[in-house]
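Naming follows writing order (A, B, C and D), and every chain is counted from residue 1.
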Amino acid sequence: MSVSLEKGIHALKEVIDAPIASYFESCVHCGLCAEACLFYTETGDPKYTPIHKLEPLRRVYEQEYTLLGRLKKMVGLSKPVTDAELDQWQELVYDSCTMCGRCSLICPVGNDIVYMVRKLREGMAVSGHVPDGIRSATKRTVELGGPMGLKWPAVANVLRKAEEATGLKIPVDQPGAEYLVLLSSMEIVNYPEYIEALAKIFHKAGISFTLASDAFEATNAGIQIGNSDLAKVIVSRIVDAAEKLKVKKVLSPECGHAYMAIRWEGPNLIGRPFGFEVVHVLELLDELRQKGVLKMKDKLKDPLILHDPCQIVRRGGVLQAPEPLIQQVAENYIPIVDKQKWNWCCGGGGGASAIHTEEAEALRAKVFQIKKRQIEEAGVSTMVTFCANCRIVMEEGFDHYEMNTKLLGMTELLAEHLEN
Amino acid sequence: MQGPLIDTLARQGITRRTFLKYCATLASMMALPPAAGRAMAEAMAAARRPSVIWLPFQECTGCTESITRSHSPTLEGMIFDMISLDYQETLMAAAGHQAEEARHAAMKENAGKYLLVVDGSIPLGRDGAYSCIGGRSNVDILKEAAEGAAAIVAMGSCASYGGIPKANPNPTGAVSVSDIVTNKPIVNIPGCPPIPVVMTGVLAHYLTFGSLPELDEKGRPKAFFGETIHDRCYRRPFYDQGKFAKTFDDEGARMGWCLFELGCKGPVTYNACATVKWNGGTSWPVESGHGCLGCSEPDFWDAGGFYKALSVPADPLRIGAAAAIAGAGAGVAVSFANRAKKNVARQTHETLTVEDLEK
Amino acid sequence: MNELQFLTWVRGPGLDIAVGIFVLGVVWRLFEIYSLGRKKDLSTPRHAAGASGLHTVFRRSLPPPGMLKRSPVSYIGGYIFHIGLAIVVFGFAPHILLVTNLTGLSWPGLPSQFVDLVAVVTMAAMVVVLVDRINKPAKRFLSTFEDWFTWAVTFLPVLTGWMAVQHLLLPYTTMLALHILSVEILLVVLPFTKLFHAFTLFGSRWYNGRANAQRGVPV
Amino acid sequence: MSLDAIPIHVIDPPSAEPGLSGNAPPLLRELSELAKRLLASGETSAIDLSALPLTPADLAWLQDTLGAGEISVSLQANGESTLNETACPGIWWVTHRNEQGAVTSQFIEVAFVPELVKAHPEDVKNGQEYLELLISDL
């Protein structure tokens, strides 16, 4: 057994718990999870059946934690997990799983499959069976501060531009503010309008906020690659900054997995509850809407649909905010069939969008057909979402299929139509 | 050997219609059409009475009682008008050496043609010393008598399957007729006691067609043993409706509901009691409120309690309780092993660094 | 061994052994599985109506929106054969009698003609589900020997029971003995195969429901 | 000590007979088929009632439903036998009893004349001989 494989199995032994045991024992191979997974529905390839992606984890569980499995292993009747096998599984665990968690909602025996994928990634990461794209993104996040290698001076530059555009002050490292605002590199680079929108809204609502120069990045490649040690390093920066600045709340940006990382995994990564609250920007916006602060000067007339990012809605629990918010700003919002927690993934979550191999990109384009169908069935040419990663992945999809669909960010859209 | 049977019967004041009526009933019991009853009557009326030698072995005489103790004259009783019974210890006037001589004479005179009726099992332990007649063991007598027999009728469960004497632990080493004689046609008429009319039916068939009736794989006449008690039981509809007597004196018992729950072995017992009934068609066990014991099945006494319903197992719950404790033990042991393993894994956790990713 | 001795064995020692292994297996496996424990979730919970472990235990019995259309055979066939099995196992008078004699518990049985019909429908559903397993790519791909084996082990008690009642093929005594034997095989196999989902299903659903309830998602 | 002191009392036997099993009505259909066959080919047939799972109530129902016809034959032979035509001509209810009066077998016979009623040629011959004897004695 190679050192890396040994480490991988060691890591899996650490994470296997009662729920995982219960899930594997409950699986009846009914194959219904395949019907929940866009990688299966769009390709028809049975290897993408979600539960199958967990085969190495299942075998480690069986061989290490069941009496019969141990006996079988002892007498050499069981098939050991090998490096070659993990290598083969890398595609199934990373390229073709966006950790969207739809399968966990479908499974008739109640298996939380995405929970297990997250755990399997611990072993994959430690044993080195990870796609290069995610590996380098993780490396950059840990070493440089963000997955795109963005450093504070560049951010400060963007903030300055936003201040100029809005004429509003954007405070940095200001202790005692109510909110510590986090950003994602993608937003900073691709959608700087988000920052302007946020400044406008905070100003309008009269809520104090600040950014932290040593913790501006909300994304956490550590949870995507699936290593809790690295994820902890990354999330600790935010926790340290929030505690140092003594903010009441930390505002998670639109980005989906950032919310998952800071809101749900964060306390578990550092091993203690936070002394502050973590709020998703949509939750804040909805709260403002309910208070009557979020008044619109006009409404968008184009018929549009909503794309609910998996990590925020289905897996993050921000279920109620999106629809009232979009109805606040859009006149012709069309609810789609599979909406809210039943929405289909953009195809690039869970780190998949960072994988730039030819096969991975072709696969992403292929599974994007499900979003294409949703848009076509609704008969709209505008879609609103609230996750920077979804936006990038879907823009690529539109390009690939030469669709002229317009994609808008929820926060910017609201800010744009905000009453002055 | 006398003249045609009908003449013998006529001398006893039995008219042809009486005989016809008898044959019609017999045919119906053997599940033959009424036309066959007529044919049977014709053939039997003209037939000559066969010589019959009846050997009693390790038995209780219940089988003989069953046939002879009915109120005469009955259908069953007629059997003695149909045959020339040349040897039957219980019934014959002769005794001792005279009786033995009568048997030898009959065997010699009718060699190859007589019918051999056997009741009782044959003990093989201690060279057959457990049961002897005139100083000879049963197995000896049987082998000798079987030699010249045209066919053998094993009357009762003992002769057919070994019966009560063979019950666990079978102290005398009892066996059935078919365990010893293998080169002669044997009809088993099991039952403890057997239904007399089955014997009549077999004889009637033998006289009419010159052959033994169709037998099942256990050597029993299919006409009488083709279906279970349960299938022919007049209480069967209550079984189908799920109406069961729960005790021998409850409302269900009074209403004549199914006795399955009270241990009736009807569903696994092949016999004709439900249709032929007992004591001249008066009644039969289930009709008088008691479940079938299954007395015509092999080893029925060793097949669980008479009052235990067929679907009820011996006593798995006690085993189950023991198993639960053993299971808990095994489970707890595995749990400790698992937790220890997991704790070791946790304690030996090596924190991953970015540098490690490159490997 | 004649058929009555065979029946006596399966009803006596055979059943004792089977029930013993079954109980032992179930208890041991439950310990093995649920003693592994899990970490406490340290995040601040979000409360939402209808989100809890218990909710999910029940809610997962219904097909999620759209899934009935996507996989009708799995759902309809699955429902029919699970409910059918329950009716046949718990509604047939001789079965109830068995339980009554063992535990003293009793409940009214269903008419045997109805149970008979249900048994036939159940078997039909099981055959359909089997064909679906052969036909559907994902199902076929996932299928291992265990899947075919457990199908057979579940199917045989229904088939032999039905044949015993209907007096088909073999004498009642033999068929009844085979029926009991097939149930014993099922009991022995259950704790060590996927059939154990009959027990772990509740735990699995609860864990899933509980984990998602932490985030305020009713699943 | 009076009898009342003994804590035993007689429970009235339940009045209800074991009910109808539902096995009787299909027999009517079978009889109709058998009657058709009798008309078509002259083939006689019979249903053996003791071989069927019928409750006493079933038999009573059947007998009641088939009704009584014009002819009833009584035969004294080793116990009484009755051969009664039902309301459906050609359908005979045949009951054989032993000398104690218990029913030994029971049939429904489908025939123009029941088998047992016809005189056997052998007996007719005897009868004819007896007639000759009577004549010679005149």
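What we mean here is this: a contact is a pair of C-beta atoms (placed from the backbone, for glycine too) under 8 Å apart; a residue touches a chain by one contact, two chains touch by 3 or more.
Remember, predicted model here, so these are calculated numbers, not experimental data.
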Shared interface partners, meaning chains that touch subunit A and subunit D: B
Nearest-to-centre chain - CA centroid comparison: C
Pair joined by the larger number of C-beta contacts - B-D, A-B: B-D
Chain separated most widely from subunit D, comparing mean CA positions: A
Centre-of-Cα separation between subunit D and subunit C, whole angstrom: 53
Length of the line joining the C-alpha centres of subunit B and subunit D, rounded to whole Å: 30
Averaged-CA centre spacing for the pair subunit B and subunit A, given as whole angstrom: 77
Where subunit B and subunit C are represented by their mean Cα positions, the distance between them in whole Å: 40
Multi-partner residues of subunit C (at least 2 other chains): 28-29, 32, 35-37
Residue list for subunit A, restricted to those that touch at least two other chains: 16, 65-67
Residues of subunit D engaged with two or more neighbouring chains: none
Topology of the chain contact graph, where touching chains are joined (line, ring, star, complete, other): other
Pairwise chain contacts under the document criterion: A-B, A-C, B-C, B-D
Residue ranges of subunit D in contact with subunit B within the complex: 13-14, 16, 18, 21-23, 44-46, 48, 50-51, 53-56, 75, 77-78, 81, 96, 98-100, 102-105, 107, 109, 115-116, 120, 122-123
Complex interface listing, subunit A residues touching subunit C: 16-23, 25-32, 34-36, 40, 44, 46-47, 49, 51-52, 65-68, 104-112, 115, 263-268, 271-274, 277-278, 314-317, 319, 337-338, 341-342
Complex contact set, residues of subunit C against subunit A: 28-29, 32-39, 41-44, 46, 48, 56-57, 60-61, 63-67, 70-71, 74, 78, 136-144, 147, 192, 194, 196-197, 200-201, 203-209, 211-212, 214-217, 219
Contact footprint of subunit B on subunit A as seen in their complex: 4, 7, 10, 13-14, 16, 64-67, 125-126, 128, 130, 135, 138-139, 142-143, 225, 227, 229-230
Complex contact set, residues of subunit B against subunit A: 330, 334, 338, 341-342, 345-346, 348-354, 356-359
